[in-house]
């Protein structure tokens, strides 16, 4: 049975017809069509930058389409702003959570639709009651008085869903909802989605993870570079089928990697204790070591001390106790400058905040750690000719586009920004390369490139320490996998023997080693 | 002996209230604007125009409340100008604020010359046409409370009321919740159907209104006329107090009181023939502020989106 | 005619949107228009007023040199603020740093007795160092205690003001019976030909040479050249040296700078030290070149605050500060003349400057105005 | 809109190029101009007084007069130059701060006449300069006497702007007057370290009134606004300075120590017209010369008998029988 037949008898709640959206000369959506049916999950599949979010932002009234029309429950509507969308029963959970951090859960949920007594005075009592009611009804438990900045990412996502439900959403858009979740949390989320559809809600699920789509969705719209490719019935296809439609060619899922014997231990951490910004212990007596010629993957859910661990190693955060050693030398509580000079390179998790000076051009960014050294500077004066030559070399070698070293880093795509960072860090010829979330937000091609670079390092007998929230990435790239939970390593396994279920359990604190 | 100490204490407290009042209004203005995400460094200019308009209307019309409100409106117009630049056109907020400072002073003096026969100083307002003094003569002569409150103008009490009002508005009403959300995470607010632009316009205009009140609290209560040097740096001090008070109305109030208290102390110490120079005593309020900041306050956290223009359809 | 106008408009659009300098010039023009509107509304002929200002700046050699003298401290305070801006800091403290520079220069100029060629550099360097430390203090407070530099510099301004008054009252420094300090020694004087100008022979000669007399009757001094040199130096440091790279990296993105091994706190202090030094140099040059002493000050003189406007008009470019400083100095100097000649309020100059800065704040407005017109005109 | 802007721009350039002739001189031919100090022309004090004197001279002698306001100390020299170029016969500097500037200009332009208020060059007065100083201690002495007589609490106050010799003349003259009228009276004296901070003036005056003073004399510019305001609020008395400040608070400013800058300026103008410009000298204006005095409105609040005594005192000062102290040292001698 094809898509047409299956959907014939279903009630359409949303129809997006021939939606086109242009940003200047850039076409983000090109005549895309989408139908959503009552009580069904409709997935939206495409690579990063394919235009999924744009399409949903149009449906939610954040952008207005250049052309095309939208029908809700058969009626043509003009969604000029989110208020209109909300009135039509559309709710959206954004990929980057739209939560006000210093506010409480309840305040975030009611924002914009606040229950009030006289004179616009907030009625927090009613707010708390309302929030509790919905969370009970859909099994979405959160503490309404907790501040967002104090709760986990999974909880924050529940708040986002509650926000939409509080506004009486019948159609719920979930934008990449699993990107930050543990496998267990993903299972829970899928259960929540099923509960919601049972209650008659319609879901639009944006994802580039095929497995989830297969598990959760009824139908799937595939778009590529803004263009409408196909709509399929999920039960009639498989991962490979979806994937080839998504990228337009056959793709292999595993990363090509030779077997390699690891060398001597080069980097070690003993009994490390680090506090976070709120002065709470985030890394708790952690032990870890990395050998030459291996990639150690650190798996774990966001917020279990990875960031603090990284910052402690690279000198950005104070170490309370414990030791960090490289090549036998103690570098505990060194400055970033000293750490770099000990041949440690670092691909930071937030490339725009840490990795690049966005208002510098590419060439200036390539010398961030070496600007004062010969040949880039002589007697304190920068040698722009030499810098240019060097930058051009890196641009060629790492295929950064556009190939202009005078281009501002701000004007590069995410993938190319990451290439500049990797080029810079790898060119420092480090003994240890730390890569934190190196592929976050990149498209398939760029991800392949990053993985290749990491493996190249390992093959050159260098140590690589990979930190990622994407379990697939950890499993595909690493030689050994350490799992971190609440600031402790709860287990280390060989990548060959690793199983998703077991790792997932450990990531959630269920480790038994 | 005890009586002397009490009397002196009362004097210092009285001076504290007097000094703090214009600062309180103005820093409340800063609180509103910056919590909505718009830096307002133009408070000084808004104060100047408020002080002038207050004095001018007070002189010509004779009703202090009309003058006070007029000053607020004048400040609000400059707030509108600032909002126009910063909210509608995504201007650099610091640059626009500096422009407002030049414009405020320039226009106030220009108008003064037009309406006061070429003078940059307005004519004095009789006591009866100044702000009322609600507690004048209420307490027995020479009593502790009398020394503090006898000659405090309505503006003083109103300032405290305004702090309460703004606090209530910001933390207990839905518009306050929205205003803060806009300053913290405008995109989130926008996705919930909150009109970011409108709230920022409102906040910035109100910040001008309050700075205008602050200026008028100077020209209509502390003195009874305007002169070019009447507001000399008060707007910047109020700005500092707002930052010092961690962008909260109650914090700003305390910071203003601290500053006013230090001035009261300087005036108190100034009456004695010390060996130390009176210049050093005059430095005191500023030194105390820095010392307090270093010792007790530490890093202060601005609203996350403070200073960042909000553009709806940012480039892809 | 219509076609050429259209083309002109299009050219103007490109001029305004693609070149910073074009945009600045248009802002200056619009600022003058706003000033004209105010003058006209008040019943003054704006053309006459601007005519007086222009003639007041250019019609005599001495006017031009006064404009330059007037602009010199503004160029330097502007540079100070622009420098801090470039490194991500907002230096509202140029006012206080200027005061410290002036008072230390006076002290060094009066108390030290040194030969001519050594005295002036010693005076200037000590003033610059002192003001640098004064500025660096704000950087230190920020680096060490997280005190916002806007608050600390505002407070430091007032402390500097009272400090100068305090020093003037100090015995030995105060000119007996006066409200000023002693004047600096002649060896610390940088005014061109000062002693000769006031000698018998000098006066004789000047009386016979009116052009030179006119030119030299101003406190013309080497300060302007030093200011220009400083602008070039600042430009060089920021754009061509490793130090400048560090400072700019910290200014643009302190997180990335920190990550890259740059000591953010140290560079913040260095930046405020240099900014303070530049503002202090303005004060020092004013003393050695023009005033030769410091007097009691009752209120801020505004060199620092005017410097903010200069830095903004210059778009924080070091070389732009020279031009913006000259523009500002010229407007202030020439603008004062509309008062005696046509009884028009010279405050209009503040309105003009405020408007210029305002237009500079909103590049988009000018773009919008010009594009709308483009659409209507049917060209794109 | 756009077209108009362009047209306007062109027009501006055009008109500016046309305007190149100087300004029109008045018929009488004699021009006098003044440079104010940073207080500005309407400071309710000596700048304003000076301008009034010039205006009077303008009427009386058909002169043409003008002024330039300074906003910074650095304005003085260029303003002097501007007025020089405007072809003035006499240029006034109002305020001691212009002392050095005037001298320098006078030496550089021996044909130009200059005059300055509140500055004495003594022996070194250039031939083309007149220095005008006032015996501020004398009117201060008289108002001090009034204060001493009128105080019911035996406490009076003095608020100074900033402490330096010129302002001290006010302080010690006042103190001497108070002591003469009422040896038991105490004088509270405090300086504000500012000429602008009205709030501080008010706070200081409040403190004095609270400490028992019932009359406060100020010599403090804008700070004095606050002093007078405090007197109004507390229903106490204040004494004004420089000009008759009774209009600021008709019921509370009992008298003012007037410094007749206007008279001085008018007199010098008269001499200039007659061709008797007293170049090279310092003119001292005291009670004798009619250059200082107490406000004509004093009769409103000061009892007539006290005013009569003041007149007698005035005669003694004029005759030289009383020499009013003006410094800490001369005051110490006086009280001995």
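To keep things simple, chains are lettered A, B, C and D as they appear, and every chain counts its residues starting from 1.
As a convention for this text, a residue touches a chain if its C-beta (ideal position, glycine included) is under 8 Å from a C-beta of that chain, and two chains touch if they have at least 3 such contacts.
Quick caveat: nothing in here was measured; it's all calculated off a predicted structure.
**Student:** What is the minimum number of touch steps required to go from chain A to chain D?
**Tutor:** Each step joins two touching chains, and the minimum needed here is 2.
**Student:** As a test of understanding: of all chains, whose mean C-alpha position lies farthest from that of chain A?
**Tutor:** D
**Student:** Cα centroid separation between chain B and chain C, in whole Å?
**Tutor:** So the centre of chain B lies 29 Å away from the centre of chain C.
**Student:** In angstrom, rounded to a whole number, how far apart do the mean CA points of chain B and chain D lie?
**Tutor:** 33
**Student:** Need the CA-centroid distance for the pair chain A / chain B, whole Å please.
**Tutor:** 44
**Student:** Where in chain D do residues touch two or more other chains at once?
**Tutor:** Counting only residues that touch two or more other chains, chain D contributes 163, 193-196.
**Student:** Can you tell me which residues of chain B touch two or more of the remaining chains?
**Tutor:** 118, 120, 229, 232, 279, 282
**Student:** Please list each pair of chains that are touching.
**Tutor:** A-B, A-C, B-C, B-D, C-D
**Student:** Within the complex, which stretch of chain C touches chain B?
**Tutor:** 38, 42, 90, 92, 141, 145-148, 150-152, 154-159, 162-163, 165-166, 169, 299-300, 305, 308-309, 312, 343, 345, 347-358, 360-362, 364-365, 368
**Student:** Per the contact definition, I'd like the list of chain C residues that touch chain D in the complex.
**Tutor:** Within the complex, chain C touches chain D at residues 5, 8-9, 29, 32-33, 36, 47-48, 50-52, 54-56, 59-60, 62-63, 66, 69-70, 73, 162, 165, 169, 177-179, 183, 197-198, 203, 206, 213, 217-219, 286, 290-293, 295-296, 298-299, 301-303, 333, 336-337, 339-341, 346, 369-370, 373.
**Student:** Could you please specify the touching residues of chain B with respect to chain C in the complex?
**Tutor:** These residues of chain B touch chain C: 45, 81, 85, 89-92, 94-96, 98-107, 109-110, 113-114, 118, 120, 229, 232-233, 236-237, 239-240, 243-244, 277, 279-280, 282-283, 285-287, 289-290, 293-294, 297-300.
**Student:** Can you check the complex and tell me which residues of chain B touch chain D?
**Tutor:** Residue positions touching the partner: 7, 10-11, 14-15, 18-19, 116, 118-121, 124, 127, 133, 147, 150-151, 218, 222-225, 227-230, 232, 263-264, 267-268, 270-271, 278-279, 282.
**Student:** Quick check on the complex: what are the chain C residues that touch chain A?
**Tutor:** Checking each residue of chain C against chain A gives 240-246, 248-249, 252-253, 255-263.
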